[in-house]
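Handing you a structure now.
Chain naming follows the written order as A, B, C and D, and within any one chain the residues start at number 1.
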Amino acid sequence: MKEIGVGVIGTAFMGKAHSIAYAAAGTAFGGGLRPRLELLCDINPERAERKRIEMGFARATSDYMDVVNDPRVDLISVCVPNSVHKEISVAALKAGKHVWCEKPMATNVQEAQEMLDAARESDCQTMLGYNYTQNPLVQSARQLIEEGVIGRVTGFHGIYDVDNEADAGRPHSWRMSREASGTGANADVMCHLVSIAHFMAGSEISRLVGDYDTVHKERADPKNPGQTLTVDNDDVCTALAHFESGIKGTLRVSRVAWGRKCGLKWEIHGSEGMICHDQERLNELKLYTRSDDPRQQGFKTILSGPNHEPYDAFLPNGGHTLGFIDVKTCELHSLLKAIETGKPTWPSFEDGMKIENVMDAIDRSALSGQWVDV
Amino acid sequence: MKEIGVGVIGTAFMGKAHSIAYAAAGTAFGGGLRPRLELLCDINPERAERKRIEMGFARATSDYMDVVNDPRVDLISVCVPNSVHKEISVAALKAGKHVWCEKPMATNVQEAQEMLDAARESDCQTMLGYNYTQNPLVQSARQLIEEGVIGRVTGFHGIYDVDNEADAGRPHSWRMSREASGTGANADVMCHLVSIAHFMAGSEISRLVGDYDTVHKERADPKNPGQTLTVDNDDVCTALAHFESGIKGTLRVSRVAWGRKCGLKWEIHGSEGMICHDQERLNELKLYTRSDDPRQQGFKTILSGPNHEPYDAFLPNGGHTLGFIDVKTCELHSLLKAIETGKPTWPSFEDGMKIENVMDAIDRSALSGQWVDV
Amino acid sequence: MKEIGVGVIGTAFMGKAHSIAYAAAGTAFGGGLRPRLELLCDINPERAERKRIEMGFARATSDYMDVVNDPRVDLISVCVPNSVHKEISVAALKAGKHVWCEKPMATNVQEAQEMLDAARESDCQTMLGYNYTQNPLVQSARQLIEEGVIGRVTGFHGIYDVDNEADAGRPHSWRMSREASGTGANADVMCHLVSIAHFMAGSEISRLVGDYDTVHKERADPKNPGQTLTVDNDDVCTALAHFESGIKGTLRVSRVAWGRKCGLKWEIHGSEGMICHDQERLNELKLYTRSDDPRQQGFKTILSGPNHEPYDAFLPNGGHTLGFIDVKTCELHSLLKAIETGKPTWPSFEDGMKIENVMDAIDRSALSGQWVDV
Amino acid sequence: MKEIGVGVIGTAFMGKAHSIAYAAAGTAFGGGLRPRLELLCDINPERAERKRIEMGFARATSDYMDVVNDPRVDLISVCVPNSVHKEISVAALKAGKHVWCEKPMATNVQEAQEMLDAARESDCQTMLGYNYTQNPLVQSARQLIEEGVIGRVTGFHGIYDVDNEADAGRPHSWRMSREASGTGANADVMCHLVSIAHFMAGSEISRLVGDYDTVHKERADPKNPGQTLTVDNDDVCTALAHFESGIKGTLRVSRVAWGRKCGLKWEIHGSEGMICHDQERLNELKLYTRSDDPRQQGFKTILSGPNHEPYDAFLPNGGHTLGFIDVKTCELHSLLKAIETGKPTWPSFEDGMKIENVMDAIDRSALSGQWVDV
């Protein structure tokens, strides 16, 4: 078993998730590359050291360039705000490090392109944290589709609703400003849905018409009591889409959908069946195929289990439930295999760029009121 | 209790459903107008007489004008193919009969307009059989919305998937020809979804962009073995929509969605909550409102019961399940009240015209690739 | 099409349901015997006449013996309180009338035996209103079991929870008195569950141990404010059971289970699969059979449809939802066929007696604390 | 942050789960005791060393006494077959080590008592791996009950069905022999259900009647082709139970229930509401409380989220899904707090003994056909 030294930049939610994944991967998967928790970076030196101890890293730093330049680090997790994804990823790739970057790729297509260029110029593997595609059950669904279980893919329909900003009483923030953060639900939520669309359909979106809605148009100005500020980006983002393969589909996301906590629901329609998934029940897949006996036709509810690889790295029996962090560990496993074999995994920066292009096209279409090419 | 003489034209599925509703209404609701099964019409005289006996009508005929002109008939059910809705409805209205016409209203907007004109010129009540809006639980949902339970309505999203034509092995039929039947899923399926959109949102769609897809582009020619015919209307129909009230939404329907038998699912998003419904579980409503205790927040699954009027006309206890035909009886009850009081019910021909206009706008948009006004 | 004259005794919930079923049966089923609504009986003459008009009967009476003796009546519905089931049913059978009696059969096994004796001495058909067994989907489940779809039946487990008496604030009533009404949940709720157990298992319960619980032991005395009365029968009733076929099972019912409106849930375990049903979703059946591909194994959710006879008597397409009253009409259809063919249907008074015996055995066991033979 | 040296004995499923929990706990929870992976034990020396590297332990051994006697180890995980739980746990406790032992406690009550005696004589903390009680959502449910959200607890009903042995084609094994492994489903499955019953009801079972069934009575003898061996312990185990608090309930488990992968479902009935949980959807809780508006009454589906402590140690947003291993980490966290504070956690060996006593009482009752005291 070979080791690979890893550095994590950022210690919030995603830094934590990456760190647990690094700590668990060897035990879960055995064989392959075993991560060695080498260097942890947080902009706050005191927190960096405290988290280092909690998380079990060998060393800590508050300067991300220390990670980039560390000879004992071969793989870097970029778990910082989107606005610095490009800067760090490019530096890491130039220093010859593999990069595991959280989603979305960047704040605009220009930055994403710079990241892609850096990846192309390097010999390193890259991966974006579109983790919902890494669920063993979702990967298994993809396999089933490729095996023809639902026939020819004929359509993709997806929704991703969350209620993070549903409360009209939440004050204005940088997320609600086009200048400060770019698009709203499009950037934050749609990117996940596009990743699923591309992965599950096995084809990319090539043409679309998009629309925006801002449901809470004014929000309290946190700095000026009694005043409000205008929300000038999208709470809701929708699109009709054509894929390169010729199929069509729909996408809609909202950040103001009360009651939806992780409401990513998608359906793949096929000429012989249908597969559906709801991320709030990540361990369940719905599958409809034609039945010989018309009295017995219906959607199956498939529970994730050891036949949905690599579920069995975690649990020997079905129905025992994988969680978000287990799926993150699967994601890492996929990246480690790519590093070991030199064969890219999905979604690399190449794949991420295509996702960014769709979000950009939705933005152009929503602003122009026209169908546009991606 | 006053009686009202009724005539039913057509004895297939909908003729049957109307007839059972007429026979059950007095028992279920008591009071009000009691239907008297006067005259049944089927184009086939022999079947007309047989069905008359089975269904308990006083007399039968094979000529719909007999029904139109019968002095003992005050209310006429139009349960025949869409292509003759206009002809019969206009004749009935001119003869001073109330009309209960199945959906969609007609095969194009010109015919629908003629029907509307006839209704406007008469003193009669009209109703279109958009029965999913007549479900006591759905009506109750509408009331709850009006009472502000989910705050301000902020969005409508609806799907109606069926698998009637999902099997690629089904031969070509008139339904798959634009010339013979007009649009496909748009006409057959979308009309129901638009009725729900208008009813639940409390506002009409005013602008939209639509798209079509034909999933099975060639089907076996039933008359020429080994030959195929082209399907030149839509298997799938989607739209992004703006409503007069200012809210936005999405609609999509398919007639080739494997596994969906009556897959009409809709969500009303509100500023303080959400309501969802799935027609395949017509006795369940999902409601999310904010909870004082964050540990207790979640969607409620509300079972239809006696507090959802007029459920109690059928059953005294909740959870005992209404069916499609009970809802049809509720629909009739609503029309009978309109006749009794002279106050129109929803959806009259006025309301139906607005639904037809949306379907027409989707067609124009899908063909032109442009956003269009309804 | 032959007619059969029917009389209904009782005009409350079940009188209504029977009357709608009689009015709908001809239209729904065609062919066979067509009910003719001849004579309606209500103890209150004024209500009898009012209901007669609403319900469309030819004549009304306030004396049930008028129905029993009416030469134009061949089939009598007994829709009155349990305490008079015996008296009326025995009189009707002696007068040569077929009897459709609501459940439970009687208030004790002696009365039930008298009813059975009268049925045996007559040439008439009898049926008890255990309607949950008449659901086309449940009947289809029984067929599938007989065809071996889940292998050998290995167990039956059922629950029937309702919340009719869950509110501790409800005052004492005759239902809560052993003297006035016999057992509590055992009589009211368990009888339905036993009917399902016998029907689905295809075998009767022969030995059991039962237990009672009274959750709300004192309730307000409605006649003496501030006083309470003791509830001396069962709110909850449970049993472990052995069936004649050798399989074992469990049964539990409650009348104080908050949130359950019609919470009848049962599972048939088999050597090769499992079937489950929940009455609150009467149009859905869950079926698990072994799958060739372990990635595709899961319970199917089967929606009722035209392949589950006689669903197609009501609706041509699946997923359109049957309701309680439709199922009541199916029940009637089964009885009409029995009358026509002279072959008993299930559950006749023979079958009902076996259900009563189980309830009696549960009572004996719960009081004695011993396993008992039925 | 203080460290605690840990040793894990056993490297199969549970050894893995404990090891990942140890590696993740510091990162997830911060603060408190941080596990240091000190010594790993597997009976096979080669595997011990290989697993040591994969799992990140400092040292490995094939002799469990090395772990027991290691001065750098303070907490020992017992993840070996049930038959050696006693031997190792007693040795560990005598050596002054805290013990985290997998369930069930032992193979009979005598052994369990020895373990309890050893725990009582030590100053160490003990915990049994009844992990389903450690789910943050389940713990939160317990809190809600204690706060009176569903009023007074009035009943507990639980099921735990799995299909591990459902296939009649599986050959005979030691698990199916009373001599080799004691009871069947009672020992393997019922113990979990009893742990939930005691935890959720807040009271222990004191009296019961139990029953056994063996569904597959003969199985292929793996050593003698064509021969079979008798299964002489229980495939199915059921009980009616009385609790010390006065409430009553039911329990049933099966190891031959096709389609159930982790089918642990329980309901707590209350005088003002109900709470239900299904382990196959471990991130969902069903809660019914009375509603002011009868149109809005229904069960809520509550998704686990940051308000259900300590969910937020893993994920900041609701609906993102915890998995089995996260719950195992919560379990560890509870034990670490006990070690830190000196206050026992639930379920200690004291609590485990009460669970063993119930399983023993079920066995006595099933064999004698009598109600028995626990």
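One rule holds for everything that comes next: a contact is a pair of C-beta atoms (placed from the backbone, for glycine too) under 8 Å apart; a residue touches a chain by one contact, two chains touch by 3 or more.
Everything numeric in this text was worked out from a predicted model, so none of it was measured.
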item	value
Pair from B-C, A-C or C-D with over half of its contact pairs in common with A-D	B-C
Proportion of interface numbers common to chain A and chain B (over half same, under half different)	same
Distance between chain centroids, defined by C-alpha means - chain A, chain B (Å)	40
Whole-Å gap between the CA centroids of chain B and chain D	53
Centre-of-Cα separation between chain C and chain B, whole angstrom	34
Sites on chain D at which at least two other chains make contact	260, 297-299, 303, 305
List of chain A residues in touch with chain C within their complex	140, 143-144, 149, 285, 287, 294-303, 305, 307-308
Residues of chain A defined as touching chain B within the complex	150, 154-155, 157, 159, 167-168, 209, 211, 213, 215-216, 236, 238-240, 247-248, 250, 252, 254, 256-260, 269-274, 288-290, 297-299, 369, 371
Complex contacts: residues of chain B adjacent to chain C	1, 13, 16, 19-20, 23-24, 26-28, 30-31, 34, 50-51, 53-56, 162, 164, 260-263, 279-284, 303, 305, 314-326
